[in-house]
Structures are given as C-alpha cells and as structure tokens.
Amino acid sequence: MANKSVSKTAGTNKSFIDKMGGQQFIVLIIVIVMFIFFSAMSPGFRKYTTVVSILDYSYYIALMAIGVTFPLLTGGVDLSIGTGLICYSLIGGLLVRQHGMPVAVGMLVTILIGIVFGIINGCLVALMDLPPFLATLCTCMITRGFGAFVVGGYGIPWPAAGQEGGWFRSIFKIQMGGQNIPIGFLWIILLVIIMSFVLNHTKMGRYTRAIGSNKEATRLSGVNVKFYHIMAYVICGLFAGLAAIAYSAIFATVQPGSGAGFEMDAIGGAIVGGVSMSGAVGNVTGTLIGVFVICLLKTGLPFIGLTANWQQIITGFVLIIAVLIDIFKRKKESGQ
Amino acid sequence: MGGRKVESIKQNPLVKKVGFNRIVLCIVLLLMYGLFCALTGGDFFGMRRILSALNYAYFLGFLSLAVTFVIATGGIDFSIGPVMFCCALMAGFCFTMYGMPMPAALLISLVIGLAFGIFNGYLVAYWNVPSFITSMASMNIAKGLASVFTKTQSVSWPQSSQEGGWFRNLVTIEDIPVGLIILIVIAVVCAILLNQTKMGRYILSLGSNKEAVRLSGVNVKKWEMSAYVVCGLLVGIAAIFFVGAYSTVQPGYGDQYNNEAIAGCVMGGTSMAGGLASISGTIIGVFIISLLQEGIMALGLDKNLQLIITGIIVIVAVFADVVARRRKN
Amino acid sequence: MGEVILTMKGIDKSFPGVHALDHVDLEVRKGEVHALMGENGAGKSTLMKVLTGIYKKDSGTITYEGKEVEFHNTREAQDAGVVIVHQELNMLGHLTVAQNIFIGREFKKGIRIDDKKMNEEAKKLFDRMHIDIDPKETMSKLTVGKQQMCEIAKAISHKAKVIIFDEPSAALTESEIEELFKIIRDLRDQGLGIVYISHRMDEIKVITDRVTVMRDGAYVGTLITKDCTKDDIINMMVGRVIYEDPKTQNMTPKGSPVVLKVDHLNAGKMVQDVSFELHKGEVLGFSGLMGAGRTETMRALFGADPIDSGDIYINGQKVTIKSPQDAVKHGIGYLSEDRKRYGIVVQKSVAENTTMADLDEFSNGPFINKKKEKEVANKYVESLATKTPSVDQLVVNLSGGNQQKVVIAKWLTRNCDILIFDEPTRGIDVGAKNEIYKLMNQLAAEGKAIIMVSSEMTEILRMSDRIVVMCEGKKTGELDISEATQENIMNMATREIS
Amino acid sequence: GCGGGDEATTSDNGDAATSEEDSSGGGDYTFEVVVKSFQSTYWQAAIQGIEAAKEELGVKVNTTGPNAESDIADQVNMLNNAISQNPDGIALAANDQNAVLDSLQDALDADIPVVCFDTGVPDAPEGSVIATIATDNEAAGAVAAENMYNVIKDTIANATEPVRIGEVNQDATSANISGRGMGFINKMKELIEADGKTVAVIGNQFYVDQVENNGDEGSADVIIEVAVPAQTTVELSATEASNIMNKDDTIAIFGSNQVTAEGVLTANQNLNVLAATPDEGIVGVGFDAGATLKAAVADGTLIGAVTQAPVDQGNLAIHALYDYCEGKEVSDIPTDSYWYDASNMEEEDIAPNLYD
C-alpha cells in the first residue's frame, strides 16, 4: 500500500491540515447527530448509565485505535491487534489465575507481550521488508493460535471486582455515591493528549509521518528509518497491550479464539476519523472521534430496538457513508 | 547509438516459466506430505487423508482465487469469508425453508456472491471508497443480512441421501475428488483470464499504476470493478463447496477464513501491492494450508498450531521472495 | 581550482542484465564545478549513488580527503560532507518546507522538536539563496520548481564539502536556473567541490570548469570546459557529431486542414479561456514558464481533468471529451510530462506497456495475441533505439530516457492522428533527443498533427511550426516560427507577471 | 491398563496402533473425545470427568476440540480425523447436529460406536449413536424460570404497569441453548398465565416464532424480551444484556449459559442494578458455573443459577463406551441439572459441578 503514496508531487492544491480538520469536524457532527438521534428514539439511551456503558465498551477499541494510528501513518497497518489483545490478556491472566502471580505482574506481562509482538511486527515490516498487511495478517494468525495454545484453549477470567486483585478493574471505573465514574475516559483523553504531542512535536511522530509520506526520501535524508518504522509498530503493540488490560477489566472472561474483528473496529474508527490508509495524513484526535462513531453504532443501535443483525447491516452502511461524505467533499474541493 | 553490452539473465527455461517461488512451494508441499506420512507412521499415506484435506482445499481454494483478483488490483477484500457464509445461508434457507429446487438454490448462491462483488466493486471503482472500508462494510452487511434472512438460524444443506443431496456430487462421487477437477478447471480459467485476456492485463496493470492506465484511454473503473465481480462470483462458488463438505453454516461468522484465504494467495507469490498475481501459486498455497491443517490434526496436535505454522510459512515464503528480489536489484 | 578532494577509481557495478558501470574514474577538486555528461543510461546517476552509499560498488576505490572511504548509507556520506540532490524529487509532500529541509537533523528543545527555530533557519537559508518560499508551507503545495529549490536548499544547509546536483535544472524555469547558478558559483568560491549532471549543453558551457564524459557505463574522458566546444563533448558522448539548427520556416503544407480546434476552454483556475487551432502535419509548440497551465490545458483537452466550459472540434466536428477514453477514441494521444506517475506501468514489461493504449488491436475477442504484441514492441524498440535487454524487461529497470521512449512507443502503436507531447525530452540525452525530434518531424510529415509542450527554448525554436505562449493559465500569444525569437517568446511568457 | 495416564490428551499414535490390536483381548481401549471447544471452563469440568473415568477404567483417551463453538467445519474435520484413527469408540459433543451426520455414517460404516454427550444428535443414522448423555435442557430452563418466578411473583401480581423479563441467549442455532431458552420462556409464561396475567414474548424472531399463543406486546402485563448477540462474544453479549437491563420496566434477567450470564454480570458492573428482589433492582439468574458466576451467586448479585453436571457427563460418556466395548447394554442417560444459590453451593451433590 505504501508505494501508492510516493510522489504525491505538486498538483494537490489543498492543504492537508484543512482536509484533516475538515473530516474531523464532519465526523464530530456525525457523532453528535447520532447521539441526538438515539436519545430521541430511546428513553433508555438518555440515561447516564448508558453513556457509561458506551464508554466502557469503547476503551479497548479506543486504545487499539490510538495505537494503530501509528502504523497507519507510516502507510502500513496492523491487523494483529485484535487477536493480539486476546492473546496478551490470556497469557497475563494465566499467570494471575494459574500461577498465583499478583495482578500487577499479570498486567505488566500483558503489556510486555504486546510490546514484544510490536517488535516482531516492526521487524517483519521494517527489517524484512514484508508488506505490513501481510506481515500483520500472519501475526494475527500467530497470536490467535499462540494465545489459545498457551492457555490450552480455556477461557481465562481475570479477578472480579471485590475479589483479591480485583482492584485493577477500578482503573477504569470507580464508584462514588452509588454512581459509576468512568475514569477510564480520563485515561483515554490523557493518552490522546500525550500521543498527539508525540505525533506533532517529537522526532518519533515527525518521522512516522515522513515514512508514510515518502519512505525512500526519508531514508535518503539520513533518518534511521528502520528504527522509527519499528517503533511505530512497537507503540501499536504497547497500546494493544493496554487495550488488553482494558478489555480484561471490563469483561468477565477472556475467551481464546475471539478477538478477530476487533482490529476492524479500531482501524475503521481511525479511518472514519480521517486517518488515511496511504499514510501521513491523520491525527489521534480524529481517531478518537472516529472510534466513537463505531462504538455508538455498536452500543447505540440496540437501544433503539434493533436486533443485533440489523445493527450489523446499518454499521456497514454508516461506515461507507462516513467515508463517502469525505470523498465527495474532497472531490468538490479539488473540482474548484 | 553505442552498442551497450546487454547480458540477458541466464535461467533454466522451465524455472523461468514456472517461477522459482512456485517450484519451492511445490517442494515444500511434497516434503510436508512426506513428513506427515513419516510422523504418523504411514497412517497419513493414502487417499482418505488426501480427500479429507481436499475438502478444506475446495472452498478455501475458491476463496483464495477470488481474493487474488482483488489483490491484483492493489485492493483487499476482508468480506470474502462472511459473504461466503451469507451465500450459503441464504441459498440454503431458500432450499430448506422455501422449498426451492436445488439448482435454483445453487444459482442463488452465485447471484448473492455476484451481488456483493458488484457492490464492493462499484464502491471501490466508481466512488473511490478504499477497498478496506468497503470490505469491512460488506462484511457487516453480509453477516447481518444472512442473520435477518435466516432469523439467526444455522442452515444445513441436505445430506447425500436426502432430496437435493445430489449437489454433493460436485464435491465427491464415491472417492473420486470431483471438486478437485472443478477447482483445477476454474483455476485454469482464472489463469487464462488473468494472463491471456485484456481483462487480466488491465487488472494487473491498474494494480501497478492506475493513473497511467487511465491516461492510456482505458476504462479503468470498469476493469477495476470487474475484478471484484469475478471475486464475488468465485465466493458464491466457494459457498457451494463449503456446504458440500461441511453441510452447515452458522450466521454471524465466516471471518475466520479470510486470513487463510489471503495467506494462501500471498504465499503463492501474489503481491499485496497489486500488479503481480499468480493463480498457480495461489492453488499451491491453498494446498499447503489444507495439508497442514489435516496433518496437524492427524498428529493429534492442537489446531492452534496450524494457525501459528501457517503464519510462519507465509512469512518465510514472502520473505524469500523479498530476498530474491533484493538480490536481483 | 584547488587540490583534489575526491577520487573515484575503477568503479564497477552490475545490475542483473546490465553492466551499469565499467571501471569508471572521476576526480573532483575543491572549488570546481565538474560536469558529468553522458547519454541516458550512461550510468551517471548510478555512479553518484555508488558514491553516496545508496548502491554498493562491486569493485574500485573511492578516496575522499586523502583517505579511502566507503559510505554505507547517505547518513554516513552526509556526515562526511558528501551531499546529493537527486534527479527524482525526494520530498515529503505532507510535511512543511522547513520540516523537509531539516528532516533527520531537527533542532530540539528537550524532547520537543523546535519547529520555530527550524522555520527561522529555513527562512535565513532562503534569504541567502534569494528565493521566496514560506518555510511553513506544505511541500506538496509548491510548484515543481520551488520543490526543487527546497531540495537544493536542503543540500546546501548541510556543512557539505562536495555537493552533487543530478539534473537540477530539468524542472526549473530560466530565472530559477539563473538563481541556481549564482548559488553554485557562490559555493564554488567557498571551496566546495561540485558535481553537476545535466543534459543541457548550454548550461555546461556557462557553469562548469571541467567535464567528465561517460558512455555506456564506461569512462570516456575528462576535458577542461573552456578549452573545448559543444561538439567536442557531444562527440565524446555519442561518438559522432549531431547538431541541428533551429527551424526557420513553417513546414506545414499550405492550406492543410484544421484537425483540432479548441474554443474558449476553461478548466479550473489554471486554464482560462484558451483557444487555438492545430493543422494537419503541423508541430504546434506550447511555450511558457513552469506553472503556466500548459499541462493543465492538455490534460483538460485529453479528458484527464474535468472541463468547465468551452468546445473542442475535431476535423470540424464538435466532440465531447469527458475522459481519456473519449479522447483516445477521437484519435488523440497524450504523452505526459511525469512518466513515472502517468506514463508507465512500472511492474509490467516493455511489450505490455507498448500495447497498453491499443490492446483491442492486439486481441482476438477477449484474448491477447502475445506474439503480435512482441513483434510490434520489438519494432519500436529498434526504431526508437530503446536500450533494453528484451521486450520482456520490466519497465521499472530502464533508465529515465528509455522509459520515455516506451511511452512514445505506446502512442505510436495506437497510431493517433493528434499527438500531445508534454515535455517529450525531459531528462533525455542529446542522442536520444535527436531521435525523438526526427521521429516527430517524420510523424508530422506523415500528416499527423503534433502539440509539443516544452520548457526548453531551444527545443521550441527547433521543432515548432507555430508557437503558442501561455502565462498563468491564459494564452498570451501565438507566433509563426519565422517571427519567433527567444526574446519575444519570453516577453509573452512573462507578460502578466511583470 | 496404561497406568496413571497424566498425558492422556497427548497420547501418541504409535501407541494407539498397538493398543488397537490388544483391544480384542479386552480392557485396553482407546477412545477419541471431540468436545465443542475449550473456551468456557465448562469443558474443563467435563474433561475432569473424562480423566477420572480414564484412570478408573485404565483406557486411553484423546481429547480434541475446535477453537470456538462456532467453528463447525473444524469440528467436523476433527471428528473425521478421530474416525480415521480407528479408535474403539468416540465421545462427541456436537456443535451442530446436522454437520456431523455424514461423519456419523462413516463411523457406523467403520463400526466405531459413538456416544453423544452434552448435546444429542437427533437425526443420527440408525445405530451409530449408542447412547446420548445430556442434560434435559428444556427442564433446566424451566428450573431457572421456577426459581426466578418465586422471587418476582409478587411484583408481577401487584404491578400496574407492564413489566419486563429479559433473556439473553448466546445463539439460536444450538439445540442446547434453544432448548434452555424455550424451556425458560414456556415455563415462565405458564406460571404467569396461571396467575391470571398476560404475557408477550418479543425480540429474536426464532424464539418468538416458537411461542404458542403469544400475547400482544401493547396489552400484555409481562413482556419477555429475548436477545441474541450477533456473535458469541463476551462483549456483544454484554451489550445485549446492558440494553435490557437499562430499561426501567425490567424486573428480571436470565443469561442462559456461561457467556451470556457473564454478560449480565459485566453489564451490571456498570449499571449496578442486580438485586435480590425486584423492589431493589433487577433479579438476575445465571446458567452454568465458572469463577465469575460462582462469586456472583455467592455474594448474592445473582439470586442463583442452574448448573449441569459436566463432570458426570464426561465420566458417564467414557463409561458408556467402555461398557459397550465390554459387550454390555448401554442406554441414554439424562443427567441432572441443579439450582444453586448462596445457601446450597457447598452441598455435596452440587459443589463438584461448580467448576471454576
């Protein structure tokens, strides 16, 4: 995919900042419209608890999406985050459940394995020159198999709230006066701010974009392209590890063999939020907004009385429409 | 003009024709078979195992062929698995619930596949929606549509002895692998389509540089869409062979086959960047995957190992290709 | 000229099927501008890529500042003071100008990149070069010429001792070239060694001190520029003298019919109210500065970009052209200026590219007649003297000039009546240029109508029967060749700007 | 016997071949077990039972299963593979009743006896399945309904506005789940109607269509809402549960297997609505066990749950195969399901079936 982006020489007469800001804005409006629509349609949706539910289920997707923004910006992709998430969580959970390790150690291991697979992906792509789609498709299969293999195929429940070690669930949600406070959302916002900074004001971010814009030119400029290319995947792996913890904290049991398809939600969110599949264009704030479109569809549609199956159909169409709006907008712009 | 010394690359004509990569894959395939025979103490030897492995190879083969066309244009299709299930579910439901005759059901499967192909192709080619998004959308739509249509029921196609069960003869008659013959015939048709016809030439060329082909006065939209249409039709065929071998499909699934189908295709030398595709490679790749799946099971090993090993083999195969190309340059 | 700073001796390099460099020598001194000349595919770029560590040499030695060196990547070369401005633009379209210039060596404030300081430094650099570019502008929004200037600014900003310019002028306007020469002289006076690659003979005489000529990957010789003539150099490059004078009179047969009439064409802001006529057997030159909108006009005419208003008549018939397909159907062929992006399909063979526009002619029903395809491809490889091991070679492996020939072959195969050549000889050496000129003349004589867009004045004067001049999207003049001079064309080309 | 076979699950094929020859002499049998998957701990418990039987009888057992219960094709492959090992018998928990029919015919042709456990295969070729050892799922669902009704009976009787009872079923395809789901619905409907109220069942079409004399949603006193997630995943089950539990008129909810019951608990982590009585919140009932569920029952979050007897089932399946090989008569065995709550979890006949 990356080679499609090379040599975007003169001729594109619009600023990419405009374009990106533009799409973010459109998507933000879509989120708001959807929210108003669902609220109008369903009394259940208007409740505080619903908002908390949507947030709850959005954490792991949001974390994956923030991470995968980096490979996307290099013009690559990481398809292994979904099955990876389950794999990391299974292994971390296994240590806690079967080997009696403290939850903190389990969490650390979860993140570390995420980073290890990030390094593997990065090496496959940057050192061995495999197409990112393909390399991560393979690690997708490998993590899916590996996680299930290590735990012997059994589902792993992380400690429940109230149990020994259950404290980690309150990283994402604390109770105060009988109400749940979704503090996980604050973490997400914090991470988005940090990653925005990394992307826009550090070498790491600069080179990530540069690689997506023109890898060869970046290399010829004397940048250690391999290192930074690997790092994009490492960040993605790190965030997949964090997502694994969010997932374990929100849901009771982690089932091996699941997780395929999570990456679609995350990547779809990023793209809807304005990240370009051909690299260099996009931002983590956009990604976050895009993720909310996906999550609203996933958690919002059931509230207006649609069965799960209609949800899927509608999700499909909304995805296309979100992208089409952007395409038509751009067409109109360039037509002038 | 000066007489530049132009050395042509010396290569065995056979190797050149078939491709080094594919020869290696064939050897891998044979070695794997030998290895499994040895490890299982000869139990693996014989038709029964091969037939069983072939069951898996049929539908996967058609899926892989299907996605080869899309990948050749530089696109990607993650909806093949779910669409295959959607075809099988809706067509099967027409047969079991609405009492349609079997030929009509088979036709419906193809038509649904085709419809998704047209849908994907139209969005990608005419409206410039990234193929990743289109396929993600049609994956959701296929799952949802099938669930709504069948009321989330799984659908079982008739057994050989039941009415309409004759369609299983497409897969095997007694111990004759009819499906293999059909797969090979269709693969040959695909190969001709890709290498000998205008359509194939344009598909591969636009996969490599779409703008240049457009400026040559070619209707690139039509040809790009045609790749997705062929893909859809092949997915419809895959659905028939899936139920021919495994009878039952369940709504809401199918994505588990995407990766294996794409893996088979890429293992055989089709480039994810587009412009480069090999049908024979795809078929060999699919055989490797299905043999692996059968072999792992025969050894009594974990199914998960198959995923891991497939992943590693694809990485090695593609890396070998990368190295070979690097050495050339 | 000072002491020797860089010596390359017996450099050898092979690609599969091509012996690109055959024991080539090169010596660069401090304070000189050293021209590297040779036909397309002679190996100039390859030699420079070997020097800067992009390719690994097979054998030979490189001595730099008295020590034998081997750079493994551009970073090492840069750090040692050897910098290259590449033939193909190497820019990051999504980043700003300043970010491009300082990529890989950003100023930092803690872990933060100091974008402010980078912008200031870039501004200083541009001021020194007397060019007006906003460092905060996104790179892809600049014209090709300005992008090229940024590349040069980037090279200068390194503390370089040797700078290599690989065809820097190909994308620059006359005035920009003037600026460039000033900069180069400045650098030379500071004692830098400069390698200058170009196909433009005039420039060589103006700017360089010595010339090294290569032919077919081999070293031919080195000359002192002021002691030799243009012909000497060309002779060394191609082994024979070829030089032709400008056309002096319109060669179009009297009363030949109008095949193409463009009436008040508007397309976007770069094509405003353009009208012209094209006769059978005529070569119509389109002159103007870069960004004058010539390419846009041709793309609109060809259906590659949408037309806002205006009419197109072919052989007196009004036609609608909405896509390149329509244009090709009406017998128009378009040779784009950016062959990498719009001309060739790099992953396909020479033969496959040759028949791309006319595949129907080579098919029986849906099937392609590959034998016929190869025959025709071979015919054009011969008649255009394309350097390729065989017609099965992938186009990606050909040198720039030879790629251009493949694109020409594509349109010749299609046998179009109206041919648009947009910068047909950009980056093509004299020998090959001559072949292409001959071909164009021959085609015109056969009764084809040709539009030739070119930024090279000599080319316009030599080839055109009539000349249309454009400036800022508008047609500013039309001249018969008999009345055309460099001066009055430049006048029209800058009419609105000044 | 082959002694303490710790490694039974990985017994290699060389041994299998020899034991086959021995088997004519009696005693040393090899059995293949194909389970639905290993995803939920339910199967861990079943395998415990199998292991116990294996040690007790001194037979060899190979256990396999696909990655997920939805991988029907994989399971068919595994079953075919098991048949081609030519074991003395096969114990099967089929993911799909129809997909395995051809394979069962093959087993019959190869004279390999098959025992179905956990799930029956009603249309199996005559003679291929020698015994079915499974829970009566309709009855199990009914048990859940009865126990739930005891708690919510008064609320329903006193309600002026319609009230809602939720049911989350993992799918509409497997006989177990649909049996349980319908068992619950039918029993609940029967109980409510016996008390003179009207019932409407809404939601998933498959379940709604099976209800006889379904009431009208607009006028019914009690609405039973059936939700089925698009896929059998934890997060989608939780979403469906959340949706029902978020409605103001919901008084009770039933998750009909481990995954969906955990979905109910996940939703509750956020909503905090589960309670012991309808006055305080929503009454939750689960199915199966597992650490999470057990904890929830123990602390009263769920008023209780129904558990099957996976350990017994696994054990009995192997015993049935053994008996058959020894020439004894075998027949179908319906295994029990038990209602458990905080008060009886420690009891002797319940505790062993409450796997983690």
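Order of writing sets the labels: A, B, C and D. Residues in every chain begin at 1.
Rule of thumb we're sticking to: a contact is a pair of C-beta atoms (placed from the backbone, for glycine too) under 8 Å apart; a residue touches a chain by one contact, two chains touch by 3 or more.
Fair warning: this is a prediction, and the values are worked out from it, not measured in the lab.
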item	value
Common touching chains of chain D and chain C	A, B
Longest centre-to-centre distance from chain B, chain (CA-based)	C
Chain centre separation (chain B, chain D; CA means) in Å	36
Chain centre separation in whole Å, for chain C relative to chain B (CA means)	43
Between chain B and chain A, distance of the C-alpha-averaged centres to the nearest whole Å	29
Of all residues in chain D, the ones touching two or more other chains	67, 71, 204-205, 228, 230-231
Shared-contact residues (touching 2 or more other chains) in chain C	341
Sequence positions of chain B contacting 2 or more other chains	143-144, 147, 152, 251, 256, 303-304
Which chain pairs touch, all of them	A-B, A-C, A-D, B-C, B-D
Residues on chain C engaged by chain A in the complex (per definition of touch)	54, 73-75, 78-79, 86, 88-95, 99, 103-106, 108, 111-113, 115, 138, 140-144, 147, 154, 268, 306, 338, 340-341
Complex contact set, residues of chain C against chain B	15-19, 39, 41, 215-217, 238-239, 302, 304, 323-325, 327-329, 334, 336, 341-348, 352, 356-357, 359-360, 363, 366-368, 370, 385, 387-390, 410, 414, 431-432
Touch list for chain B against partner chain D, complex	40-41, 43, 48-49, 52, 55-56, 143-144, 147, 151-154, 156, 159-160, 242, 245-253, 256, 293-294, 297-300, 303-304
Contact footprint of chain C on chain A as seen in their complex	7-13, 15-17, 201-203, 206-207, 209-210, 212-214, 216-224, 280-281, 335-336
Chain A contact footprint on chain D (complex, rising order)	37-41, 43-44, 65, 67-68, 71, 203-205, 227-231, 233-236, 238-240, 242-243, 246-248, 258-259, 262-263, 265-267, 269-272, 290-292, 295-296, 299
